[in-house]
Amino acid sequence: MPHVVTFGEIMLRLTTPGQSRFAQATELEVTFGGAEANVAVAIAQFGGQASFVTKLPDHELGQRAIDELQRCGVYTSHILRGGDRLGVYFLEQGASQRAGKVIYDRAGSALAMAEPSEWDWRKIFEGADWFHWSGITAALSPACAAMVQQASAAARSLGLKVSFDMNFRAKLWSPARAALVLTPLMQHVDVCICGASEAASVFGIAAASDEAAAIALAERFVFKAVAIPQRHSASASATQFGALLRVGGEVVQSRRHEITVVDRVGSGDAYSGGLIFSLMRGDDPSHANDFAVAAGVLAHTVPGDFPLFSLAEVEALAGGADGGRVQR
Amino acid sequence: MPHVVTFGEIMLRLTTPGQSRFAQATELEVTFGGAEANVAVAIAQFGGQASFVTKLPDHELGQRAIDELQRCGVYTSHILRGGDRLGVYFLEQGASQRAGKVIYDRAGSALAMAEPSEWDWRKIFEGADWFHWSGITAALSPACAAMVQQASAAARSLGLKVSFDMNFRAKLWSPARAALVLTPLMQHVDVCICGASEAASVFGIAAASDEAAAIALAERFVFKAVAIPQRHSASASATQFGALLRVGGEVVQSRRHEITVVDRVGSGDAYSGGLIFSLMRGDDPSHANDFAVAAGVLAHTVPGDFPLFSLAEVEALAGGADGGRVQR
Amino acid sequence: MPHVVTFGEIMLRLTTPGQSRFAQATELEVTFGGAEANVAVAIAQFGGQASFVTKLPDHELGQRAIDELQRCGVYTSHILRGGDRLGVYFLEQGASQRAGKVIYDRAGSALAMAEPSEWDWRKIFEGADWFHWSGITAALSPACAAMVQQASAAARSLGLKVSFDMNFRAKLWSPARAALVLTPLMQHVDVCICGASEAASVFGIAAASDEAAAIALAERFVFKAVAIPQRHSASASATQFGALLRVGGEVVQSRRHEITVVDRVGSGDAYSGGLIFSLMRGDDPSHANDFAVAAGVLAHTVPGDFPLFSLAEVEALAGGADGGRVQR
Amino acid sequence: MPHVVTFGEIMLRLTTPGQSRFAQATELEVTFGGAEANVAVAIAQFGGQASFVTKLPDHELGQRAIDELQRCGVYTSHILRGGDRLGVYFLEQGASQRAGKVIYDRAGSALAMAEPSEWDWRKIFEGADWFHWSGITAALSPACAAMVQQASAAARSLGLKVSFDMNFRAKLWSPARAALVLTPLMQHVDVCICGASEAASVFGIAAASDEAAAIALAERFVFKAVAIPQRHSASASATQFGALLRVGGEVVQSRRHEITVVDRVGSGDAYSGGLIFSLMRGDDPSHANDFAVAAGVLAHTVPGDFPLFSLAEVEALAGGADGGRVQR
Amino acid sequence: MPHVVTFGEIMLRLTTPGQSRFAQATELEVTFGGAEANVAVAIAQFGGQASFVTKLPDHELGQRAIDELQRCGVYTSHILRGGDRLGVYFLEQGASQRAGKVIYDRAGSALAMAEPSEWDWRKIFEGADWFHWSGITAALSPACAAMVQQASAAARSLGLKVSFDMNFRAKLWSPARAALVLTPLMQHVDVCICGASEAASVFGIAAASDEAAAIALAERFVFKAVAIPQRHSASASATQFGALLRVGGEVVQSRRHEITVVDRVGSGDAYSGGLIFSLMRGDDPSHANDFAVAAGVLAHTVPGDFPLFSLAEVEALAGGADGGRVQR
Amino acid sequence: MPHVVTFGEIMLRLTTPGQSRFAQATELEVTFGGAEANVAVAIAQFGGQASFVTKLPDHELGQRAIDELQRCGVYTSHILRGGDRLGVYFLEQGASQRAGKVIYDRAGSALAMAEPSEWDWRKIFEGADWFHWSGITAALSPACAAMVQQASAAARSLGLKVSFDMNFRAKLWSPARAALVLTPLMQHVDVCICGASEAASVFGIAAASDEAAAIALAERFVFKAVAIPQRHSASASATQFGALLRVGGEVVQSRRHEITVVDRVGSGDAYSGGLIFSLMRGDDPSHANDFAVAAGVLAHTVPGDFPLFSLAEVEALAGGADGGRVQR
């Protein structure tokens, strides 16, 4: 089984239950999540090997983050312990015309305060085939951007494939700052996942179509593959999800699924995890994109960041099942 | 008030809360259900008399099943106590493209291990007007199939009407096995409820339309009435429900209701219970079918197997109410 | 900031959780609500000053009602303590074709048993700009109707604007009784909020359109403004909401929002609160109506009677946001 | 199996969860209870026949009260439907030095507003052996006191035994009023259950010991048996429970159990139910008292008013088991 | 009514439910608390006027902290908005031999990062009679220590009484650091609340008895009154609580209550609030200490930091009630 | 770090919440447990290496059992998948005089139906130092007894230490049957953990003291060490726990801890895990016994079977900490 390493921050996610608001909730649901951790979980759930790298404080809630990853089958032996804080994010789910809301409380986290010298990438990548990171990690601190740079370079030099998901977060940095930090890092990236509007706002790629955006990205940064996730949300309760994928010169477009939303956080990461898994096992671009989109769709139907569904479920949806029958 | 006897297995149903998955749930919701028990509850809720016959282990959870039936007004005096196991089924509700899932844990249940000699059908049917069973009971064990045979024959000889609901479950037996067991039992059945696809897979009736399927069933087995429930599910969250009913030579087709699904398990049983209740009180076929369909629709909106709604509510929906106003 | 006084009953609301029925619920959710209290909360949430006037029993649950109002920033210093009962209403939320249900248990409440002489309206209205009441208050008892008459007259004589929301409740009185009690009170009203069907059933205004109803109401009772909330509910789970507003001779019609319903109780009050707030700060009729409709729409998305959302959220929806993106 | 009829009010009990206060609870637990209903449940749980007589409003929550009784095996066919209100009581459980609190909201209940002419006691007592009522029923209204008088007289004339539990509630009436109403009713009573302090405050029996109180009660009212429940509570979390029973001239004293309290409401009713059941089946006074005390003790360990435990469990505790081992 | 101002940090408290551990909890209970906020709540609950001063971030959870204070009747108009973080503390309740645990996540909170120049103490103290702070506030940052110094000096110069509670927290600072920061601040303090072991570790007062410690504290720092809370905990589930109070030369010792613990966090603050309230209304030292101890005892019986009980409840316990009877 | 292998059944444990009974619970709490799995978890929590060996069905709930073990750091790579059933046990916690109850539903589980030939013990024990099993495994089926025999023999031949915990369960087999099956297996055991009453009932060792029982066991079966756990339960809510340990000829007796019980299931397994861990790292008998007892005590304070506490917590309690202070 191929082996993927992902690197980033995992946070304690505290979610208001049901449709209750921050002003109302008398309890918060405890889960954990973070873009790169979610990708690792996806790959482990599908049957691949996945290792998640981060730094976590040496207290019970830092340990809990590790427990939750282990439970999903993710390798945690390269996680460092130390620092003061576990990043936290508070999530209020939206409903109908009321948008979901995130309050980030992640400044000063163990990872954000870590130093590049703490990591031995050569050791971390032993036996690995693929390295994945996202823009969020680079946004956490200049040191984190440096770590990503070192990790990506090491990965490439060791023969790993490198994938990158833009994951632009306006509450973490500006598009201009993102462009400044990310542009030099793109040279180490093989597979780029980036929404069309992110390509426009961060990289200034104002394309007339998703295909054009994919081509422009691929040409500017010499990516082997570019994926453009596509969403259209009528409200907080209903959305469409699909994606365009360009591998080499081939462009494939998935169907667009109409979704009754349970939890949209982490659906992009499920797409990324699905794409990496599918490309790693050698699927053709069309199936890889359909598989990844199916993973993204299912992620909307499961509470929490983590993509807790199986290879068989993703394959079934990619193959046309609609979920309309109880399996009994 | 007419009196219906139903016979089958009632199980402990353990449901994951909200949209959580088997991998996530830290508690399971406790309800009870089973096709024939659900029918008995429907009839008792509508104001009829209903007696449920089964065998349950002599421990607290076996007693709980009886408590829950009594609470709904179902007579339980013919329930035997003994055996080792209470049948259990685990249910994970679906959402959008993610299908609901059932894990059956019912092998070796008290009823499945019971012997035909344990039942005195003549006594059980005293004062009763109708006997109902479903294919699930016949699938539990050869002994159970024999019990159904004896009960149906006794019921007919005592002047009761007999109804049968196919309820084919692929996790319990194959279509071929079902055909073998069920075919000889059909001679004791007056009213048959059977989906068109079940008629095709089990009885080999490949009809061009639901009406044709109803005619074919009625002709082959000399049923007085045949009902064909009709579902079309866009996803786990949305479905259509309606039915075609043929009584004697008259065929009636209900409207098809668009449903936002709360809990689809037991909706077919609610249809059956509604149909039996309505036919027993002498409604004409068109109203009987509309009433039964309304019961089936409402069953989609109530958590749990049991059809917990009133005669007035079913009549209101059968009469055109849409649920759109708070009653205050 | 302008200051609004509202007068009426606040009740303990006991709601069945999730989609469970009165026959099933093993716990009831505790919130508080009442038409005029909800309006006061809306105005306080938007940043206005709001004072709620009522009478509550001198026990822990009476105090809890005050706590909940204070928590939302509503002034409670004019609330009287005494009497025997806190009004209660039990709410079962509907789902799809199953309608929501209210069981009122409010007879004999502290307010319903209060006497007009207990209130000093001149003192209550010190520093206030607007007085709001609804038909429910007048329906509670003849004494309550007299209180409303005295309060409205005092408010007008002190230069306050007076608004009235019909809020007809068939479980409290008949249309004929409502007409008898309310008609003489209309002379003190500046702004009338009344559904077209209520105008017809209570005041006998059978208009061909909502605009015609607004004109007829304005002309008969010499209102400065008339608002006609508009709902079309496909089921308990989905509804449309909009409104027509006529101020002086100008008529404006909002867009109609398609809503996935979380909790529809209190949405009309949110519209009223939004309308009062917007008119008080001098918005033009079109924006006032759009703002008020947005408040009414958001109220459908928040559990409980109280309109717990901010000015910014209402403005965003009035300005076209659809809720489809998580804010992060 | 002997058959007991009990008569009184069953209320919706709404309990704050865990140790939360009325000021804090965001949900209330739904159970049902009332002194005489609790006695009926005890007898049915132990395997006797019990019929509960009351009047309940014709709405879903009135029906729910019936459902809950049926579930416990209590006969409900003599329950009248009608009236406006279901009695409600709010319960906040105590903890350590903080006392439990009840807010009664039962005025105007269906039973309190019922008329004596609504009951046909001769029919109600068909097949019955014992009639039980408590002081609470007599306190509800003068009409209820009259009903108790008629029922007791009818019961005696039909050969039933009559038992009475004082259950003095200071929030319902004064000791003087209780004495006035209850004294003439005592002539119909065979078995009297009355705390020593109640005997003193209501009947003016200032005895030097529980035995002396029992003798004085028996002599003044010519009771066949008198039971004196004995409690000593160190705090809301810990209590002692025992009882003295005098039957004819024989006096027996149980051991006093040290209890870690789960829910003390209904423990006296469990004692009464145990005593009636044990006397009915012919136990000697010593075992009857030990059995009844064991029932009272177990009632402290089960949430809710209803004494949900079995004959075997009561016998085990009466026989010396201490609960210290998991049964596996 | 006298008016107290308290100053410090209020945090989001996230508590594991029941006896679950950080490793297990799937939801965390949401309350708010902080030493000085708890004192303000106590005084408002008892009927006094209390104003809480702090700084909170301008997001929904910052607002929630204000909502919760308002709900308890605490004035919040002097709370500043701004800064990045709301302080958080995670609490795992202990049980038996397993100790409770706090994980602080309060570094960088809005208050810790605030500047002395942001506060106008002269305006804040308008109409106030008393100022209370605790060692925690001084420990948050040097700026916070400076604020406390300025506030205390201003309070004294304006004629307010000043009280101080040591509240030493080993996770915030060392005894040596505390001594350095706190010693110069003691000159502005009238009433000092300090455990005997804290007096020893921070101020080096190694006294042979609590009375000796009180004398030594009073003499060294010229306090008008010194209170020594006394605890002896057999385990996480059981504790004793009492206090010694020295006012002028008079020393009083309360009884020591045996407590079954519900929630011990905030019990010292309840003592402080009770003491301030009782001294402000002119109680003699013995009653003031008994009242304050009763408040401290009741705080152990209520979930959450906030002392949610009434003047009447505290007086009852101070007067000898033990909580052993349900009030009904 | 030494490495322990344990072998047995892990079950889905479904627990009634709070103090609710099987007759009441509307949800059941989901955890997993089993004697040998609990021991593996203890060792992994303390920082050792532990591998759990069993067979689980190939469905979502079988996988969930693995997830829960992985989450605790237990190695699961030797777990077989297949068979029909996951063993289930229903647990109702006791309270005060009401005993806890277990309903086993484990017959026909994947492990009970497995064959000895499915296991390759030589491979399983690679790198391992210790093998642990309990009487429960031997009771499941004759095949399971054979597996234990083969495993123990293999372990001994490979140089592993072997420990055995009697864990007699009357609902699984009789003492006579246990004696017959277990006696020949004792020759492979180094360390025996066995209650004095179990030694008497199963092995007929009627000793005058725990020490005498330990000596008799050691002499009869040539054990290197014998541990006698000691419990005295006043009720379901309170118990004492201690142990006597004999290693070679040295006998040590721990203190007996007074425990307020949260969850007593699994406390003996925590003792076993603690003993194995402590002996493996070379502690002297006195510390090993104190450490193991402390683990057993803490297990009473944590919900669920799994001993979720740390090495540091066990050491602290073994060293005399009593849990009476919140760590902050």
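So that you can tell them apart, the chains are marked A, B, C, D, E and F in the order they are listed, and the count of residues begins at 1 in each.
Here is the rule we go by: contacts are C-beta pairs under 8 Å (C-beta built on N, C-alpha and C of every residue); 3 or more make two chains touch, one makes a residue touch a chain.
These numbers were taken from a predicted model, which means no experiment stands behind them.
Shared contact partners of chain C and chain F, listed by label: A, B, D, E.
The distance from the centre of chain A to the centre of chain F, each centre being the mean of the chain's C-alpha atoms, comes to 41 Å.
Annotation: 45 Å between the Cα-based centres of chain D and chain E. The residues of chain C that reach two or more other chains are 18, 21, 23, 26, 67, 101, listed in rising order. Chain contacts here follow an irregular pattern that is not a line, a ring, a star or a complete set.
Pairwise chain contacts in this structure: A-B, A-C, A-E, A-F, B-C, B-D, B-F, C-D, C-E, D-E, D-F, E-F. Within the complex formed with chain A, the residues of chain F that make contact are 67-68, 70-73. Here chain A touches chain E in the complex through residues 14, 17, 21-23, 25-30, 59-61, 63-64, 67, 84-86, 88, 90, 92, 101, 103, 105, 107-108, going by the rule given at the top.
The touching residues of chain D, when paired with chain F in their complex, are 18, 257, 259-263, 294, 297-298, 300-304, 308-309, 313, 317, 321-328.
Listed in rising order, the residues of chain B touching chain A in the complex are 18-21, 23-24, 91, 94-102, 104, 169-171, 232-239, 264-265.
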